[in-house]
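Next come the structures, one after another.
Paired with chain B in one complex and with chain C in the other, chain A is shared by the two complexes that follow.
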Partner chain A sequence: MTNIEKVFLKIGSIDRRWIFIIIALVVVVPLLVPIGLPIRATDTSKSVYDAVEALPKGSKVLLSIEYSPSTKPENHPMAISMMRHLFRNNHKVYVTCLWPDGQFMAQDALNQVAVGEFDKKYGEDYVLLGYRPGGEAVVKGIVSNIRKLFSVDARQTKVDDIPMMDEITNFKDFDFLFSASAGYPGTIEWVQYAADPTGVPMSSGVTSIQVNEVMPYVQSGQMVGVLAGMPGAAEYESLIGQKGSATSGMDAQSVAHLVIVLFIVLGNISYFIDRKRSRKY
Partner chain B sequence: MEFSALLGAWVASFLTIGIFSYLYKDNPFYKIAEHLFVGVSAGYLLSLGFWTQLQPNLFGRLFPAKHYDPDTITYTIYNVLSFFSSSIFPEGGIDKGHDQHLIYLIPLILGIMMLMSLIPSFSWMARWGIAYVVGMAAGLKAYGYLNSNVIGQIKGTAVNIFDFSLPIFSLSSPSVFNNLIIFVGTICGLLYFYFSKEHKGLLGKASKIGIYFLMISFGASFGFAVMGRISLLIGRFTDLITFSGSDYNYATFWVLILIVGVLGYAAFQDKEKEIVSSDDSDVFTEEE
Partner chain C sequence: MFWKRQVPIFIVALIGSITLFGWFIDQPDVKEFIGDDATQWFDVLASFAIILGALNLIKLQIQKVLYQKPGWQYSVIAVLGFIFAIVAGFFVKGVDDSVAQWGAHVTSDGTLFKWMFDYVFSPMSATMFSLLAFFVASASYRAFRIRNFEATLLLVSGIIIMVGRVPIGGVISSWFIMYLIVLGLGIYVNSIKKDTKVTFVFVAVGVSLVTIGGIISDWPVDQPGIFYLPSIQEWIYYYPNVAGARAIMIGIGLGIFATSIRYILGIERSYIGE
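Our next item is the complex of A and B:
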């Protein structure tokens, strides 16, 4: 056995805790010392941006928040960027949540964007309808009669007393839907029970792990584009021209991916050397 | 800085590093963080579900303030309930903009029956509630899947492979090449799951091509899964870096020192115990 083969075999049998330390380092270092790698928007992210841009001023947009703090680094920048884009174009934003934790995620994003950056008025420019349990039953409820399901908003104000709810009775009254989703119930349920049956256009921002599940809906035209994980969020930040947490995380993301690819290559070389050796003896 | 923000940063640092400590090995810090997460999540879900759905949409429809009349049986029961909890059943009925719908007694009864699974002698009652939920979910799912995943996806894959008005090759936008890939990939992928005939000859070759398409799909899924996990790690590290500043009294560093110190000391003690026990077993062997 050559020395190189011995080195590869040793790499293959390394304690996995060393790999954890290396991954931690390659993530932390670019966060502390940013490289500034370029971010280029993909067609799917651009489609979402174009769809929002094409909406006439004052359109009614339903923004559904279905994620929890566990996927905040991926979904929250999407929700924030989408709110910035919607408020900048003076659309009316209606926020619902299919996940219980989504309510305070939505509250956090609204405080930052609607109140902090755009000084929008609650009940006239935006409303947080809040969370309702039931998954697809809630989506069906919104499609048939939203007022039956949300008789009060998240602040316990009656929807009849909220001015921007005057023209809203069901899902067809919205011009666009954006779902920031981390799983079930989420984007797929919105496609199945809301967008497909009614024809209201929808887009979504999903966690990386969901992209493969959601992409067929984008390619078949059932959805208009998709923001795919943290890179999707970073692309949207660059499209609206306002950098945020997703952009600052992309250096670390890229470097970590390179290191993981390197580990996979090294692991495979080690595996094949080991297999060859065991066949020999 | 507010005390609550400072405390939150310290708790977040402790829980994050506690969870990460599992990468070394299972330990009490990880257990504390895990149990806290499960408990808080369950409590939060229960509380939010009750106050956003049960109280306004169920009780609000059974006892609406609009129809409050203390002389009726319904509101006599309501007043008794109000005596026990005035926050759930406020005086004068629940004012959430609903009319009275006594048909909502059915879901209330079914819900109570589901809770009966906690009492072994009445656990059979839970089946009724579960049967309703399963039936409703199955009906809803069947419609959704048929409409979007079957019909919608068939429409999406019914592409014209001879549409030469499109460019011959393009990576992301529609092209003849991409249409061909969709056509071949869909047909071969479906043939792989056709089990009524042995996969030999033309069918065998087509199903093998189908496997390659599936493998590419699994590879993409794995890549996205890695990307997702790294994104979450970046999120946690971003917070830890923020909490390591002087504004938060260097929370990350102190918590890291505490956890690493305790785990290191425990590992050292374990090693000493191992040495002592191996010495004991040596003595025992010699005596034998």
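Our next item is the complex of A and C:
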């Protein structure tokens, strides 16, 4: 056995703690020292942008937040970028949450964008309806009669006293739906029970792991594009021309992915050497 | 027995039949029931289910502590956390009514509940999820092996997706990928022919063809598209992935339908403990 083979075999049996340290380094270093890799928007992200851009001024957009702090780095930049885009185009934003944690995420994003950046007025430009338990039943409830489901908003204000709710009775009264989703209940339930039966156009921002599940709906035209994971969020940031946390996270993700691929290649070389040696003896 | 067995089965069969067959009946009352009342019922039941779930959780954790089962120390923390959340949610707001009213205090800044979410729940939740990156790296290193044709397909498509999805994939020229493919094919040819000269000629011809093609077309990064990683990964997402996902979805749909029929006909009775 040559020295090179010995080295590869040694690499193949490396303690996994070394892998953890290397991954930590390749994630942290690009975050501290950004490389600034160019972001290229994919067709699915462009479709989402074009759909929002095509909405007439003052459109009523339902923004559903269904993610928790665990997937915040992926979903939150999408929600923030979408809010920026909607408020910049002077649309009215109605926020609902299918996840209990979603209400915190929604509140955080609204504080940052609606209040901090655009100085929008609560009840006239945006409203946080909040969380209701029930998953797809909530979606169906919004489709049939949103007022039965949400008698008060997240601030405990009666829905009848909120000016921008005057024109809203059910899901058909909205012009567009965007679901920022990390799983069940989420995007798929919105497609199956709301957007597809009513014909209201919808789009979504999902975690990378969910892209496989939602892609059939995108391809069939039941959804207008999709923001796929953190790369999708970074692409949307680049499309609206306002960089955020997703863009800065892409350098770290790029390098981490490359390093994982390198690990896989090294692991396979070690595997082949080991297999060749086993056959020999 | 009648109330515990026949009545629940009858209710499930009746409501199940109405909600399923109601889609095919053009009657306003039935439609309103399916679209409105049934979902309202579900919402009410779901709200009660949360209470039941919480009570069940606390019961199990307390039992674990009382009987000092393995890991009971963690249950102490779970119970304390539960009590703290109840106190912060229902009894101690942490701010005046002028800042946030009961109910709205859950997401209002400065309240005890929001503090708990921001400084306890969020960091722990994010920590648990981010640990995945380390385990994925370690597992990929050990499990992604070229053992057979299927494993090779999985490995190659996995690598293309991983690199093609991120910005660094966009700066890797399709010509570089072509050189890699020529070298990979060279290894394959060598393993079959076991002749250094044949392998050398194969690789030399391949490298020359790629180089000539590059010089003629001025080395565009994203051309030819079939060797450009972002384009390949989009194709994988759009076609092989969608085909597989649809097959799974149709299978799940048929499974749900079969299970629903079993519930309606009273064949499936696990919900009453049988």
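Throughout what follows, the second predicted complex is superposed on the first by the 281 of 281 C-alpha atoms of A that agree within 3 Å, B and C clash if a C-alpha of one lies under 4 Å from a C-alpha of the other, contacts with A are read in each partner's own complex, and residues count from 1 in each chain.
Just so it is clear, a residue touches a chain if its C-beta (ideal position, glycine included) is under 8 Å from a C-beta of that chain, and two chains touch if they have at least 3 such contacts.
Bear in mind the structure is a predicted one, so any value in this text is a computation, not a measurement.
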| item | value |
| --- | --- |
| Partner chain in contact with A:222 - chain B first, chain C second, else both or neither | first |
| Contacts of A:121 with chain B and chain C, given as first, second, both or neither | neither |
| Touched partner set for A:277, first chain B, second chain C, both or neither | neither |
| Contacts of A:10 with chain B and chain C, given as first, second, both or neither | neither |
| Partner chain in contact with A:172 - chain B first, chain C second, else both or neither | neither |
| Chain B versus chain C as contact partner of A:249, first or second or both or neither | first |
| Chain B versus chain C as contact partner of A:212, first or second or both or neither | both |
| Partner chain(s) touched by A:134 [first = chain B, second = chain C, both, neither] | both |
| Which superposed partner A:189 touches (first chain B, second chain C, both, neither) | first |
| Contact residues common to both interfaces of chain A (with chain B and with chain C) | 20, 23-24, 27, 42-43, 70-73, 101, 103, 132-134, 137, 140, 149, 152, 156, 208, 211-212, 216, 219, 228-229, 231, 253, 256-257, 260 |
| Chain A - residues contacting chain C, complex | 16, 19-20, 23-24, 27, 37-40, 42-43, 68-73, 101, 103-104, 107, 132-135, 137-138, 140-141, 143-145, 148-149, 152, 154-156, 208, 211-213, 215-216, 219, 228-229, 231, 234, 250-251, 253-261, 263-264, 266-268, 271-272 |
| Chain A to chain B touching residues, read off their complex | 17, 20, 23-24, 27-28, 31-32, 42-43, 70-74, 100-101, 103, 130-134, 136-137, 140, 149, 151-152, 156, 158-160, 188-189, 191-193, 196-197, 207-212, 216-217, 219-222, 228-231, 245, 248-249, 252-253, 256-257, 260 |
| Contacting residues of chain B [partner chain A, same complex] | 23-24, 44-45, 48-49, 52-53, 56-57, 60, 95-98, 136-137, 140-141, 144-145, 147-149, 152-153, 155-157, 172-173, 182, 217, 220-221, 224-228, 230-238, 241 |
| Sites on chain C touched by chain A in the complex | 35-36, 39-40, 42-43, 46-47, 49-50, 101-104, 106-107, 114, 117, 121-123, 125-126, 128-129, 133-134, 136-138, 140-142, 144-146, 155, 159, 162-163, 165-171, 230, 234, 237-238, 241-242, 244-246, 249 |
